[in-house]
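To keep things simple, chains are lettered A, B, C and D as they appear, and every chain counts its residues starting from 1.
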Amino acid sequence: MTVLLFYLTAALAVFATVVALTRANAAHALIYLILSLLAVAVMFFMLGAPFAAALEVLIYAGAIMVLFVFVIMMLNLGDAGEEQERGWLDARLWIVPGLLTTVLLVEMLLVFGESGVTTSGHSVSPKEVGISLYGPYVLAVELASMLLMAALVGAYHVARRFIDRPGDI
Amino acid sequence: MDGLLIPLEHVLLVAGILFACGLGGLMLRRNLLFMLMSLEVMLNSAALAFIAAGARWQEADGQVMFLLVLTVAAAEVAVGLGLVLQIQRRYRTLDMDAVTRLQE
Amino acid sequence: MTPSADFSLIMPVIVLGVGATAVMLQVAARRSPELTRFSTLLVLIAALASSVWIGSPEPGIGQAVTPLLQADDMARLFAALFCASAALCVMLSRDYLPGLSDQGDEYYLLLLLATLGAVVLAYASHVASLLLGLELMSVALYALIAYPSRVAPAAEAATKYLVLSGGASATLLFGFALLYAATGSLAFPEIGAGLQSATLGSAVTAIATVLVITGVCFKLSAAPFHLWTPDVYEGSPAPVTAFLATVAKAAPFVALIRFLFDAQLFDLPGVVEVLGVLAVLSMLVGNLLALLQRNVKRMLAYSSIAHIGYALIIFTVAADPVNRALAGEAAVFYLVAYVPTTIAAFGLLALVNPGGEGQDHAEVQDLSGLFWRDPMLAILMLVALLSLAGIPLTAGFIGKFYLFAAAVSGSHWVLLAALVLGSAIGIYYYLRVIFQMSQKPAEHELTWTMDGGMRAVALLLTVAILGLGIVPQALMEYIRGMF
Amino acid sequence: MNLALAAIPGLPMLSATLLILFGRQIPRSLGAVLGAGSVGLSAVLVAGQLLAYLDTPTVVTATLWTWMSVADFSAAIAFHIDGLTVVMMSVITGVGFLIHVYSVEFMWEDESFSRYFAYMNLFVGSMLLLVMADNLLLLFLGWEGVGMCSYLLVGFWYKNPANGAAARKAFVVTRVGDALMALGLFVLFTDLGTLDIQPLLLAANLNWEVGGTVPVLATALLLGGAVGKSAQLPLHTWLPDAMAGPTPVSALIHAATMVTAGVYLVARLHGLFLLAPATLTAVAWVGLATLLLAASAALVQQDIKRILAYSTISQIGYMFLALGVGAFSFGIFHLMTHAFFKALLFLGAGAVSHCLHHELNIFRMGGLRTRLPVVFLSFLIGSAALAALPFTAGFYSKDGILLSAFTAPGIGPWLWAGGLLGALLTSIYSFRLLFVAFFGEAQTEPDRKPGLPMAIPLLILCALSLLGGLISQPLDGVLPDAGHPQVPHLIEWISIGVPLLGVAYAYYAYIVRRPSSSPAEAGGDSPVEGFLFAGWRVDALYNLLLVTPYRTLARWCQGEPIDHFYNGVVSLNRLCHRGLAALQTGELRWYATTFVIGLIAVVAIVLRSAP
């Protein structure tokens, strides 16, 4: 029963993702994307990674998506933008990406046979993750903080608003 | 609650499909915002694959990698959204088909 | 499990990390581009010194510092190289940045962080460190490329780089995740060891490996993943382009060497073929695209594609365990020769700054008469171009000869033919620039400022390129100890 | 020891680097000191080597550093100093130093003074590298280096397009030889596995049969290189045109040193050539043919430098003849004496044109004997030595060559007779030059006299041209030789007498029956003279045989509407370039699409080769 639930969640995740990426309205797309991320979080939980599931909800579906919301609000594209977006999603534009994606999927299906290997069925607790993080991975934690610093400084500079001048190019 | 016994290939396939969706979005969408969303989907699919592998070996490493992928996604998106604002300001559009001052 | 590692072995990483934090605090306390530049240079020089003086316990073998980093001679060599190159980029930025209306503080901080990422890549022997090094470098570079915030093409270049590079990173991660699923390990040597007992079949591991290769080769801008390169190089501020073309290429290459050599993935079906195809395509496509290109930045971008193609040869050679050591040596030497040469070429473009505000649109024609107007600069450019073309007595020649010898000893004739053909086309466009430099001065003249300090740097680079071409043996022997 | 050796080519090269880098800031006087002084210091160091070698003839091999060793291939920067090297080094630095001193005055007014000395120094350094090299790779480096310097110096006055054309011709023609030589080196390396000269000779002696295919092929290719560099038939046509450079350049490069590099190469590798008798015979015939052709061409030239140029070709022909009959040490001996008297003649010619408003036509000179006495003395001694009159330096060397030729088995008398004919022609044209330019009535008045920096090198070279024949070269044990050839006395007397006959004829033709007016510009009235004037019309022949068909073919290809091979390759490249460039649309979506296409292709490759 619960196994069936897993496949249902997976289907939901894929469906929500496809819908999200084909919306004309950015805010709607975002809602679907959050749905997809929540579904993935449920899958994490089912696979025995409760810590990751929590983080997926908190950071991915929470913090990162909120960033998107902020930007969409700042841009304030409105209905005109949505009309335009619908125009860009013309059927002809679908052909090449659709074809290529299908080919990629077929290639992947060819590779993934059934080897009988399953997930372990055991949960890896947050405690174990924490020990691992501050044990062998301690340098990774430090480097991740450096990465966030680079992102912080970079985003701060890039997004800063300057008063436009006539000489701009 | 303990995890489920699910064929590893199935989980990886779900991750693969999500990955392909992300790539498809990257090719399909002209709007930079959607491109960034596609990117998030792709990174998320890699994270799912890591979690699945971690569940298969019953190790914490998979979740640690997930955490790092999360950090990467956050960093990418922070700078990326900054660039969205910049592009909108300079080009008055987010249509990446029109943002082609640099070309042959 | 608490690691009891000797952290002094990764001193450059620590110096750069602590240094970056310190520089950030300094910027928070007092914003002054001059001061920031000075402290950045100080940190880079300290890191350079620490990589030179603090050796690995046993030369050649190295030692793991936590599972993430492997401290050995190769890592030290490249850490030193990256720090020195970054210091050169800082020097080049000194005269370049004042032309922008952006303050320079964050610029230097970001450059420091990008260098940290590159140095981590030089040490990376684990998926986590590879990922973090790569992303640290890339994220810092996105912001550096878009640094001139009043220049639209800069934002465009950064956006293109970010989106595609993000896609490549995701591809690479997906590959690593598959490898982890198959082998149960994330450290490179253990991935190789786990291959024997892999449960997912060799097709999956092979696909996983080529996904990783694809991700890295995107960063290397190997054909057919090269299309972003000229646009991004053209749109970036020239000193950042210099960094992009050198450090940001050599670092992923080193990581790729470590990954493939440590994990011994050559026996997987198709992996060697893929690398061979990428090498041949890059050599031909890069050179052909550069052939008639007028914009010097774009031309050098294409030429860098070709150079990565040359270097990629070694993975095919390394498929045969007999030639693996030779292939590794060739690759390391080639990269060490490539970096100063390319910095020199792009450095000139950073000095020649026609429009200000990051508008360095230099055409080949604009270099007319450089020989007569500034012989010293012209000689630097000449030496750099000759080295890129692989003319004897330059570093580039020895590097190419090494590759040639490696390919010959493995009898890879197709690769050799592409190497020779590509080099032949290459000579044409390099000579075109040299010819242009010896022509009459152009009508609308480029202006540049070059004080004593810059001249000393230029001289140093010239000496380095020629020195590596004339007395390469010491470096060769040092490198030989690595494999 | 190593340092002193390295300094010999190193000093001129260092000076060249300084002059190139800081040429504009350096005042002329300092430039002169740097330029001439560095070569002078080298000469002093060489003198030290020479004395040491004369004292105890020991062969020195010094490895400065290993350039690189990759896989099985290894190349070292190493010097090999034996008698031959010492002789060559002495000639290069000694004569080179004199010419540098001379140039200080000669080039003083030129605007590119420091550029001139930079090139000259670079040349001396490369030439020294060539003769000191222990392996053929380093030798080839020097070989290419001197070629490049020659190109730069022939076209030194680059503003005149004719000079540029001459430089290009020199470059292209010698390039043909260089390509052959590179092939020769490749054959040697693939067959014997090394390019170090001494191990190479040993290996050749062990592995090669006398007269085998590989020895003949390899030496023939090397001969090609030697022929190109030393301006022998059929690659001699560049040398007369190379006179476009400043005269001291002609003296140093196109007479005394570089053009003898081919002679040096054959002598250095004589061990290989002895294993290929067929090639050695070819060397002799090439030498003979060249010396006759060039001597006859020199008979009718009017430009003083062209006379000397043809004379140089002819004299190098003698050296080749000597090598070809196995008289290696006489070949080197003639190389040395020729360096003395030919440098003297060229410098004298330079002095004439320097003092005579750049006049070069001998028929517009005349009467210079009284007006430029130092130059007259130079020409008198130089011409006597060139004509091999008894007791001059040229006599000892050329006599040795002729007599050695006579003793060559089989073809000896023929070679001797040809050489003798050449000697007759030589004495006629050299004294024709002397009599026409220095006797009779003055056509042009000199506006100045050579100063000390020009006069002193001339006088020193005069002394060397007179007494150089007495020098005994320390070549024992380096080159195989049978000592002085034993021939009938009659032959000896004829060999001595014939040049005197030539002088007598020249006296009769140009003093007694002095032509009333200078002959027509285009050279001679009779067709024979015209033929000779144009150097047997070899240039015209090449134009007819090679250049014209090439051009016609090119034109035909241009006109051909269907397919032209030449442009085909270029068009293909351009087409590829356009095709690839068209992909660079700047559209991010398209870039992402190519990424996915690449990904799919890469995965497909794996799937194809997966089991």
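Heads up, the rule we're going with is that a contact is a pair of C-beta atoms (placed from the backbone, for glycine too) under 8 Å apart; a residue touches a chain by one contact, two chains touch by 3 or more.
All figures in this text were calculated on a predicted structure; none of them were measured in a lab.
In terms of the stated touch criterion, the partners common to chain A and chain D are B, C, listed by label.
The interface with the greater count of contacting C-beta pairs, when B-D is set against A-B, is A-B.
Among the chains in view, C has its Cα centre nearest the centre of the complete protein Cα set. If you average the CA atoms of chain B and of chain D, the two centres end up 69 Å from each other. For this pair, chain A with chain B, the centres built from the Cα atoms lie 5 Å apart. The distance from the centre of chain B to the centre of chain C, each centre being the mean of the chain's C-alpha atoms, comes to 26 Å. The geometric centre of chain A is 30 Å away from that of chain C, both derived from CA atoms.
Residue positions of chain D touching 2 or more other chains: 581, 584, 586, 588, 592-593, 596-597, 599, 603, 607. Counting partner chains per residue, chain A shows two or more touched chains at residues 96-97, 100-101, 104, 111-113, 115, 117, 131, 137, 140, 144, 147, 150-151, 154-158, 168.
Under the contact definition stated at the top, the residues of chain B that touch 2 or more other chains are 8-9, 12, 16, 22-23, 26-30, 35-36, 47, 52, 54, 56-57, 59, 61-62, 64, 68, 72, 75-76, 79, 82-83, 86, 90, 96, 99-104.
Shown here, the protein chains touch in all possible pairs.
Only residues 581-582, 584-589, 592-593, 596, 599 of chain D touch chain B when the two sit together in their complex.
Listed in rising order, the residues of chain D touching chain C in the complex are 20-21, 23-24, 65-71, 73, 141, 573-574, 576-577, 580-581, 583-584, 586, 588, 590-592, 594-595, 597-599, 601-603, 605-611. Taken together, the chain B residues at the contact with chain C in this complex read 8-9, 12, 15-16, 19, 22-23, 26, 32, 35-36, 39, 42-43, 45-47, 49-50, 52-54, 56-57, 59, 61-62, 64-65, 68-69, 72, 75-76, 79-80, 82-83, 86-87, 90-91, 96, 99-104.
Only residues 593, 596-597, 599-600, 603-604, 607 of chain D touch chain A when the two sit together in their complex. Interface residues of chain A, counted against chain B in their complex, comprise 2-3, 6-7, 10, 13-14, 17-18, 20-22, 26, 29-30, 33, 36-37, 40, 43-52, 55-56, 59-60, 63-64, 67-68, 70-72, 74-75, 77, 84-85, 88-89, 93-94, 96-98, 100-101, 104-105, 108-109, 112-124, 128-129, 131-133, 137, 140, 144, 147-148, 150-152, 154-159, 161, 164, 168.
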